[in-house]
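Chains here go by letter, A, B, C and D, matching the order in which they are written, and residues are numbered from 1 within each.
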Amino acid sequence: MIIVLRPGTGEKEVKHVEQLVLAKGLKTHTVIGEGMTIIGCIGDTTSVDSRLFEVEPCVEKVMHVQEPYKLVNRAFHPEDSVIDVSGVKVGGNHLALIAGPCSVESEEQVIEIARAAKKSGANLLRGGAFKPRTSPYAFQGMGERGLEILCTARKETGLPIVTELMSLEHLELFDEKVDLIQIGARNMQNFDMLKHLGQTKRPILLKRGLNATYEEWIMAAEYIMAAGNENVILCERGIRTFESYTRNTLDLQAIPVIKSMTHLPIIIDPSHAGGKWWLVEPMAKAAVAAGADGLMIEVHNDPANALCDGAQSLKPEKYDALIQAITKIAPVVGKQV
Amino acid sequence: MIIVLRPGTGEKEVKHVEQLVLAKGLKTHTVIGEGMTIIGCIGDTTSVDSRLFEVEPCVEKVMHVQEPYKLVNRAFHPEDSVIDVSGVKVGGNHLALIAGPCSVESEEQVIEIARAAKKSGANLLRGGAFKPRTSPYAFQGMGERGLEILCTARKETGLPIVTELMSLEHLELFDEKVDLIQIGARNMQNFDMLKHLGQTKRPILLKRGLNATYEEWIMAAEYIMAAGNENVILCERGIRTFESYTRNTLDLQAIPVIKSMTHLPIIIDPSHAGGKWWLVEPMAKAAVAAGADGLMIEVHNDPANALCDGAQSLKPEKYDALIQAITKIAPVVGKQV
Amino acid sequence: MIIVLRPGTGEKEVKHVEQLVLAKGLKTHTVIGEGMTIIGCIGDTTSVDSRLFEVEPCVEKVMHVQEPYKLVNRAFHPEDSVIDVSGVKVGGNHLALIAGPCSVESEEQVIEIARAAKKSGANLLRGGAFKPRTSPYAFQGMGERGLEILCTARKETGLPIVTELMSLEHLELFDEKVDLIQIGARNMQNFDMLKHLGQTKRPILLKRGLNATYEEWIMAAEYIMAAGNENVILCERGIRTFESYTRNTLDLQAIPVIKSMTHLPIIIDPSHAGGKWWLVEPMAKAAVAAGADGLMIEVHNDPANALCDGAQSLKPEKYDALIQAITKIAPVVGKQV
Amino acid sequence: MIIVLRPGTGEKEVKHVEQLVLAKGLKTHTVIGEGMTIIGCIGDTTSVDSRLFEVEPCVEKVMHVQEPYKLVNRAFHPEDSVIDVSGVKVGGNHLALIAGPCSVESEEQVIEIARAAKKSGANLLRGGAFKPRTSPYAFQGMGERGLEILCTARKETGLPIVTELMSLEHLELFDEKVDLIQIGARNMQNFDMLKHLGQTKRPILLKRGLNATYEEWIMAAEYIMAAGNENVILCERGIRTFESYTRNTLDLQAIPVIKSMTHLPIIIDPSHAGGKWWLVEPMAKAAVAAGADGLMIEVHNDPANALCDGAQSLKPEKYDALIQAITKIAPVVGKQV
């Protein structure tokens, strides 16, 4: 941490700020430049609130040098983490192919989609039982009955299941029944929930918040890991920008950046990002070419009658063609399908 | 709702889309323009997922005409709502002046600040007991003990208290002890929490999410009201933009816009928006001049040793000077202090 | 400038980076912390491209300490600059009140609006002769004829005129005839134009680009000043955010921030920011309360038939009421109308 | 265009708005729904300023149905445009590989880089002679001498050249000497410049502004085409978002969206987007997989001593490896290298 003092700060004030730093258990190293003095703070600054020093009138600004994250940090864990989701490996040279409907609507629907997706190459089944909806008047999901349907579909197809947890009162149920617990973008900084996710060892699929910086996102992962659960997979699903033609802007730079900052796997959800089915195919290919560890794609056998987000769902035959293309791109970047 | 068809759409496809609309219980009114056909959908579209129609290949886009919100809508409730917070009126021509430390740190601290703030004119006391922090290693607040301290300060000063609810397991406790329950920006779309807030009649202070549109924000209020609690106050606290010199960008246009869309009171938190104490004073004055129903300001007697956000806190004497200036501006816009 | 090295960087690499810094005419001061080494660079770094050092594999990041601007910097010019626009003072405790139609449409129109605005208290007349339009098919302004009409209106009313320069081929003409030359948001980083503006001594009204950071904006002012023209007034007119209900988001925090960074006057354009006439009044009051040095407001005698932006124009009677309110707010913040 | 009226609008007001619409040469079609009346406007609305109608107190909002662009519109020109850049085809199934240094620094430098890039597969040479720099104190490029060096390099290697036009006073020179004239992000809405670009038939490489919507970007292309030059290639180079770890956020969804809206080629510049050399490789691969018509990549033989943007330049050997990978991905999406 570096404290930059305002031009003209006197010796006495410099000493005062140094004392404040020392009181936090850090060492100081002061550099006097041309018309500018800075105080370097040496030691573990992870739990020091740097904004405190900004209160001093002589302090111009405080700059961070050290990353505030530890457990997710690649610097301390150079190899890729590979997460085991009930036998399916995510990370390293593996490619996770998560497919399924936005919402669980019926047993027949889910099983039909799951079978088709598996045939195309999908290795994990998604489906929303509890749905986060902007409007209280919109379909909120089938709830626990939806979860049972997913379990049946798993039994029928052998695909482990992924579904979103909306409320802590269901955590125990999810821990028992769900293979990969999804935390949605809107709960990425629901810190109370993040802390409780450390009580399970179930893998967590942590979606990026719509306006979360890379650092905030991985700090959310750090919360889960610090609470005891190391099985975290990150999922980019589009961020909010000024552009409104697409639902969100898919940030594929997140792939190399997250892999540089952390050792965790990162998968891409092109369905929610663009919000239009015809954007899914090109963006899925791009994600794999950029080195993503997996894809999460909405597949629906009857998009026109889907209860939610049909506009962004692929029909099974389009999904099949996509996976075929991806099978050709993956080896170029060292991934196996 | 209006469905715009692609140029060249045939009669048969038009009929097909009309059938889809009729199946949702709406009536259709189709207009054939020069090289463009649109289908007007007449009826209550609040619970119809318009994106469904986008699945049809002949549909170019679907445009919303009707607002998706009802209970918060000024169109159906033309007068300003005035919320009673344990005797303090918020809304109409009243000005709520909420002041206090970011975090509760000790009984002495809170009482000293509360007394000073009250003397300056504050009519509500704020203080964080449970703190949302980006880092799991940062101070997380005093918890239930902090809440007790706030209750003691209320007893000492008579000021009703405002504090943030982070977890539903504390809802009952808050319902019993807190005068105005604050929901933070990061929980604005924690839909599970919003639904449960309808179980109490306690006034809710609903902060705007960092990237929430006006519509999403008031849909969050609609969630609470639809669940049974009509006592909602909105709070703008800055949105995230590309500018990083300030913590967030304070959006004061929110004041007239929210007052046009809804009948709910809106207050402004200039402390969190800018993140720097010297921005609080000009922005607080601006907020009142723009017609805000109140101000939520961090006041600390010893900012340099605050456990959280000292950099954005005003000292009591600066707060006092600010309230004096505001007392002159408020009558110009029809507010009484 | 501070260069942060990656953990584990060896002594030889540290020396190598130090050599690179010395080669730029700077001195170095290296601090070795726990698992982290930083190199402080001492001297004038204004013209050093810091990103160069990022090329080195051992460099984690480069952080700026010194501001890259000099002539606009309040640190080197503590008093407010007051700019003289043909006798009207802008800055200090003066309040510039710029009013007029979006586009010049006819002599009668401009003179009628100018007279009404002057009667209400306006001291500068605005009007677009050359218009920046997103579409090549939209009305592009009356051009030189429009400029003549503005000159006639000035003669009739005594109000100095403000109008936008779109092309350098008109610079000489503007230098001769216009009192305050406006540079629009879209040309804020037209560096070729900025350099040429130093050839005149005419005051320049430099609008903030829709996505310009504070630093970029004042660096644009630095361009003009470095080229020889010190008469620069800044104008905030809304930035682009994710919110699309309003045309742009008005950033009033810009007022105290710009006044802290620079000694230049800053005025606010609430008409373009919100894009709706009913947002102008509350935002204009807010701007004055926040300490703005002036307001630029669109006034039109017949908004429904305006050739451009009628939706954001005030009728003269509404403008009059607004100025009356502002006359009461201005003294509270030390401004005289 | 659809005009939505406020609830409760009377028959007389409806008639009045209809009259306004008819006066613009459009036909009306009014639909009266439950508690809501809308007026459909039929005819060519391209040159009608829809915001005019918003002035009427009874108008809630005006919604656009028709696209405001014609010449770039794929609806009227279904096949891909293929632009000929001095013999190199851009668009269709061709892949443009533009490479070279950020700035022209010397003849030796440019020729060495050009030879290496050509050997790897590049078919166009880039290099900045006139540089847009945020600071007036930064290196502004070699100017006309730089342009001469590019011409020499073209003679030596046979590669057509691409370079940025900063000022209209150089348009004639560029028209004569440059194969593909680049317009930078900051000049994308320099409407005066766009109009003049119609005076040449030289292909134009139009970069997307940092905060330009898709529609604004293609309207800028429409300006050039409406002025007489049909040879426009679009270039995505990253947009500005809240994330500041990367210089900008690369928006690869732009590829399918632009191809859906227009018939113009679109190429990607991953160097400027991320601002870090190690992001170039994954993003270049992703761009090709998403269907881009080309890549514009900074290559430098000595990044550590580059005069500009060395941090985002690839060394020739890394560029060579990248092109080899791309050669494998391109055929999967129907492109030939």
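By our rule, contacts are C-beta pairs under 8 Å (C-beta built on N, C-alpha and C of every residue); 3 or more make two chains touch, one makes a residue touch a chain.
Since the structure is predicted, the reported quantities are computational estimates derived from the model, not experimental observations.
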item	value
A-D compared against B-D, more contacting pairs	A-D
Label of the chain whose CA centroid is most distant from the centroid of chain B	D
Chain centre separation (chain A, chain B; CA means) in Å	26
Separation of mean Cα positions, chain D and chain B [Å, integer]	38
Approximate Å spacing (C-alpha centroids) for the pair chain A, chain D	31
Sequence positions of chain C contacting 2 or more other chains	211, 240-242, 244
Residue ranges of chain B touching chain D (in the complex, touch as defined)	2, 4, 7, 29, 31, 33-34, 36, 38, 40, 42-44, 63, 65-66, 75, 211, 240-242, 244
Contacting residues of chain C [partner chain D, same complex]	20, 46-47, 49, 51-52, 54-56, 68, 132-139, 166-169, 186-187, 189-192, 194-195, 210-211, 216, 219, 222-223, 226-227, 240, 275-277, 303-313
Partner chain B, residues of chain C touching it in the complex	211, 213-215, 239, 241-246, 249-253, 255-257, 260, 273-274, 278-279, 282-283, 285-291, 325, 328-329, 332-333
